[in-house]
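Here come two complexes built around chain A, the first alongside chain B, the second alongside chain C.
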Partner chain A sequence: MSSRAVERGRVRVGRGFSRSSPRPWGGSRTPWLYLAPALVVLGGLLAYPIYQLGLISLFHYTQAQVSGGEPTTFEGFGNYAELFGDEQFWQVLLATVVFAAACVLCTLAVGCALAVLLTRVRAVPRLALMLAALGAWATPAITGSTVWLFLFDADFGPVNRVLGLGDHAWTYGRFSAFFLVLLEVVWCSFPFVMVTVYAGIRSVPSEVLEAASLDGASQWRVWRSVLVPMLRPILVVVTIQSVIWDFKVFTQIYVMTGGGGIAGQNLVLNVYAYQQAFASSQYSLGAAIGVVMLLILLAVTLVYLRLLRRQGEEL
Partner chain B sequence: MSLVRQAGKSRVNPVRRFVRRPGRLAAESAALLIAAVVAFPLYWMVLSAFKPAGEIESTEPRPWTFAPTLDSFRRVFGQQEFGRYFLNSVVVAVAVVIASALIAFLAATAVTRFRFRMRTTVLIMFLVAQMVPVEALTIPLFFTMRDLGGLNTLWSLILPHIAFSLPFAIWMLRGFVKAVPQALEEAAAIDGASRARFLWQILFPLVLPGLVATSVFSFISTWNDFLFAKSFIISDISQSTLPMALLVFYKPDDPDWGGVMAASTVMTIPVLVFFVLVQRRLVSGLGGAVKD
Partner chain C sequence: MKLSARLVAVAAVLATAACAPQTSGNSASDKDEKTGTLRVWLFQEVNNRPKEEAVDSVLAEFEKAHPGTEVTVEYIPVETRAQRIKAAFNDPGSAPDLIEYGNTDTAGYVKDGGLADVTEEFGAWDEAKDTDPTARQSVTVDGKVYGTPYFVGVRALYYRTDVFDELGLDVPKTQAELISTAKEIRAARPEMYGIAVGGAYTYGAMPFIWAHGGELATGKGGSYASAIDSADAREGIEAYTSLFGDDNCPAAKCAGMGGNDTVTAFASGKAAMAIGGDFSHAAVEAGKVKGKYAVVPLPGVEAGSIAPAFAGGNNLGVLKSTSHRTLAVDLMKRLASKKAQGALFDGMGFLPTFSDVREQVAAKETFVKPFVETLAADTKFVPASPAWARIDASLVLPTMFQEIVSGKKSVAAASADAAKKMNEAFGSVG
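Then we have the complex of A and B:
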């Protein structure tokens, strides 16, 4: 390491990370010492439960095994076969994907549009919008859910009154219930997108924009050819984060549709797994659903990593 | 209402400005209108918490009240063990915030200020850990907690939440730790400071603002959680947390809306205060986390 010290100098290789800088207190054990608490916690409370989740999904595990002391039997992929043969599973999977996609699209559209709007207004409206968004962001999912339910309540809610819908019950229909949840999810998750994209736009040097308009680029052209490419890393991050969050929506569905809606019409995978495990005591089926979710999210993560790599970002 | 305010304000502006930037007036009205719409649910929540019962259960809801009352709050606070729930929530949240901040600080230091074999692997692991659907892990965690005798204790809430808030905290802290100049570390070494001394007396105070911003996320996810509280605190109600106190008022068939709104207000205020206090750092922190 000390021989490298000579060539190091002040040159920074890549972005933010000096490739060959030695630490004043070298030693290869130190970083592992610092990492140890995190690795222990994550290993014990994340990696091990994932392993167990996989294990449970391979066994026959119901109330009889949990409290009755009956021996557990190895089922191999029997639970998965049962799951994939169940029509409801495919219905829930489809609903989850469509619902998450709709949430992501709406969140991104609203968040980006408002971020652009923020750059066009003076301080007072900007502060007002910022504060309102922070309020929505800070609201706990559970209180957000109950408040939105109350706003759309058939008897006492102001929304039906204003729209003149009488006592239309939003949570009865499958699509109107999903729509209501979507509104709440977008409301509480667009602020993250808005604030992040706004910070990104502000960090674009003004010289770049001036140069573009000096070259005669139109407003639209500046957006398409200068801003969007420069914002791409940020857009990738907010998109992926939104996908991950919206795919895992639990509280809103659970509270707003009363645990999955009438006859399970508003179930998404997360709630479905929970209901199978804790309401029906089908722990192994619930675990199998959990594994399916895990694999889907893992695939999303791999796409994310590839995108990061392609941008040449150093981790 | 905000439109009226906006109209009044625009008259103050010079007309010339209005003519030159006709788009801006529209943009600013839109911004104010959207702000009002976004803030409306929160306004309605607080308003309903103070409304007398007759006005809440009214088919002619009005966006104001002339007879504010604390009845709903009295019902919430008068609930058996409500203080206990609040205290439990605070204990869990504070324990998680402090523990995950310290652990994340050490880990972020390791991955940003050292180069070692498998560094990238560790980083990717943290990234992947972020994606794990924690709700699915309730099943195995339930059995682990049962076997360890952790059910019905606050530990069953604290430990999983530390694990689940760590990956994002580390990921976000990287930017802050990286921003501390290398020269400072060298200077400290030359002055004879030990590694531990540099870590805790120089690096830690410098990264503290970032730690606070990061803590918001640990705090929120812990404070909001009702899944673990519902699943792991199965019989001993004295160990329960705030969300469960809220759900008491929320019966799907006949919800006590006044109580729900008052409990929601009580639950939301601490998060709002925390958020407003750290919002500036939060924004710069997100920028940092995203750009690096």
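Then we have the complex of A and C:
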């Protein structure tokens, strides 16, 4: 059966289901009633702060305005104009996108590879790997960052000693500093991918895998043609999660590069927003950065979901 | 269609303008109660006990002098002070009456509308005339006084007496000698930095700029203009950044260092010299180099001169929202009095802000002599503009130094960029 036939079949099944269900979503208030508690919580915890964020980004709002030293003035899109006119913002944005993309790819690759490995090893090594991963997962980002920084310390770090690099300073060069942070980010976020994908693989019927191996499929082929299509919903979720996490990286950069690296070369958007919004008390500019980040993440997520839908996948 | 779109836009603007983000009604309180509880926030120091004792004895006298009053003191952590104090400005209801604050924050807090103008009381205070001019400048914005100086901190040159003796070196008398001496030491002792410097150590770099006749910014009150790209300032920047390199302090290590890192390097014996404060004394004493170092004022350009130092330190200020203004001002004066500052020095080693008291303590404690000499020679202060907090927080000067020492930009280009950023900040606060 070709994959196209599978798609068509699935779509047809879906339609049949919706036609047979009695008056779906129409007329009745019942669904809203059921949704109400969730909507209230979402409204309070999500919509209201986002509304405030958007509102603040339209005003000139610094500490002097908050504490009543000066009147608040409406700026329209003045903060956005200032932001988009700032050359540094574009550099930071580019760095953030490239860095986040690298982190997502590495996290997914490592997480999936180890998930497959987990299904292939015996109980004891599996337990050891699980525990190690959970340990990395449970480590607070600030602790993890400090430990990684120490591992790569120029004078006392074991990495330099093992590799015989003398007193090479890892955080000095732009790319080597980003690389160091990438390692830490991957280290603390691959366990989520690994555990989720592992659970997904476990739920794949063993007959399917057996059939594939009877057909003489290689490991890679099994992953590519059997597991990935079946695990797609899970992979979508972990990808979106990773995109959002890695785009919003703060602690690792802040701790490991001392707040943005030599001459700000390792700034990412979140640290930049922190510098502007809190350290410099320009809350309105920080809010504008927040709104821009929100829109970028929404756009990335929507485009990604749209691409998947076009491939015929329902979430 | 066009009209309705415009109407919607107008309606949207009105709607958002009508619900502007919150501001607190932080106006001056019209009450001035003579009894009740006064709340005070002071900074929590690393070893806080002696400070508490010095403060407690002042409080006992204050409460005796004002029956029916009580003072509660809270020691707030230094790391989170910015958030705490901003929160106090935002919520006058739970704010203290009197706070300790870093003296570079004065202009910002005044603009925030947080501090009360105490010009009159300060002028009428008989002890105020002995306050040294730079300390007075650090509580003054636009000619008005917003608190009293509490103590000053100043930096000088720490050097290793044993290393200097072994290599037969003289203590540098000029900045040129300082640089050549540092490089000589590094050549003879490649495992050490000649002088530990940091790309993020702004207050260690400023004396070089000032010694060459440069300024961070010129102007007064609301209208500052950056002078960091003037010819004199550039010479100073050139001098400071020439210390980064394999012949003294390799850029790969030192570009990212801040003030504490340089002091740590010195205390652990990794540097033959460092620019440290009187407040760094304890850290150095606790390190490997105890008993093997001495301190002299940082030399200026001319032989025998002292480079102008940054006068750091803390102030005390009354909050505008206090409902006990008279009492709070009285307590502020008592806490910052000559006697109390003398006691604070005895306990904590913080240098008094009164010139005469400082002379007295220098006679008692020889360690502080080079610092007192530095203060007596010439000290400078950061621009008294609310923009300074923003310039500081957005790392304008560290970025400039780091761009130069990592070879990304020339002194001219980096200082021009820094000047542009500073002027934007000065411009934005009007």
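Couple of notes before you dig in:
Note that in this section the second predicted complex is superposed on the first by the 236 of 315 C-alpha atoms of A that agree within 3 Å, B and C clash if a C-alpha of one lies under 4 Å from a C-alpha of the other, contacts with A are read in each partner's own complex, and residues count from 1 in each chain.
By definition in this document, contacts are C-beta pairs under 8 Å (C-beta built on N, C-alpha and C of every residue); 3 or more make two chains touch, one makes a residue touch a chain.
It should be emphasised that the depicted structure is a prediction, and the values quoted were computed from it without experimental measurement.
The partner that reaches more residues of chain A, of the two candidates chain B and chain C, is B.
Of the two partner chains placed by the overlay, only chain B lies in contact with A:Ile244; chain C stays clear of it. In the superposition on chain A, no contact is made by A:Val303 with either chain B or chain C.
Legend: residue contacts after superposition of the two complexes on their common chain; A:Leu294 is shown touching chain B, with no touch to chain C. In the overlay built on the shared chain, the residue A:Gly258 is in contact with chain B and with chain C.
Using the contact criterion defined above for the overlaid structures, shared-chain residue A:Ile50 touches chain B, although it does not reach chain C.
When the shared chain is aligned, chain B comes close enough to touch A:Leu151, but chain C does not. Once the two complexes are overlaid on the shared chain, A:Ala132 sits against chain B while remaining clear of chain C.
With both structures placed on the common chain, the touch criterion links A:Gln63 to chain C but leaves chain B unconnected.
Taken together, the two complexes place residues 52, 56, 66, 258 of chain A in contact with chain B and also with chain C.
Listed in rising order, the residues of chain A touching chain C in the complex are 52, 55-56, 58-59, 61, 63-70, 72, 74, 76, 154, 167-169, 171-172, 258-264, 275-276, 279-282. The residues of chain A lying in touch with chain B in their complex are 15-18, 21, 23-25, 28, 30-32, 34-35, 37-38, 41-42, 44-46, 48-50, 52-53, 56, 66, 114, 117-118, 120-122, 124-126, 128-129, 131-144, 146-148, 150-151, 153, 155-158, 161, 187, 192, 195-196, 199-200, 203, 233-234, 237-238, 244, 247-248, 250-251, 255, 258, 270, 273-274, 277-278, 283, 286-287, 289-291, 293-294, 297-298, 300-301, 304-305, 315. The touching residues of chain B, counted against chain A in their complex, run 2, 9, 23-24, 27-28, 30-32, 34-36, 38-42, 44-45, 48, 56-61, 63, 102-104, 106-107, 109-117, 119-120, 122-125, 127-141, 143-144, 159-160, 162-164, 166-167, 170, 178, 182, 185-186, 188-190, 195, 198, 220, 223-224, 226-227, 231, 243, 246-247, 250, 252, 255, 257, 260-261, 264, 267-268, 271-272, 274-276, 279, 282-284, 286-287, 290-292. Residues 13, 16-17, 19-27, 86, 89-90, 108, 110-114, 199-200, 250-253, 255-256, 258, 386, 389-390, 393-395, 398-400, 402-403, 406, 408 of chain C are the ones that touch chain A when the two sit in their complex.
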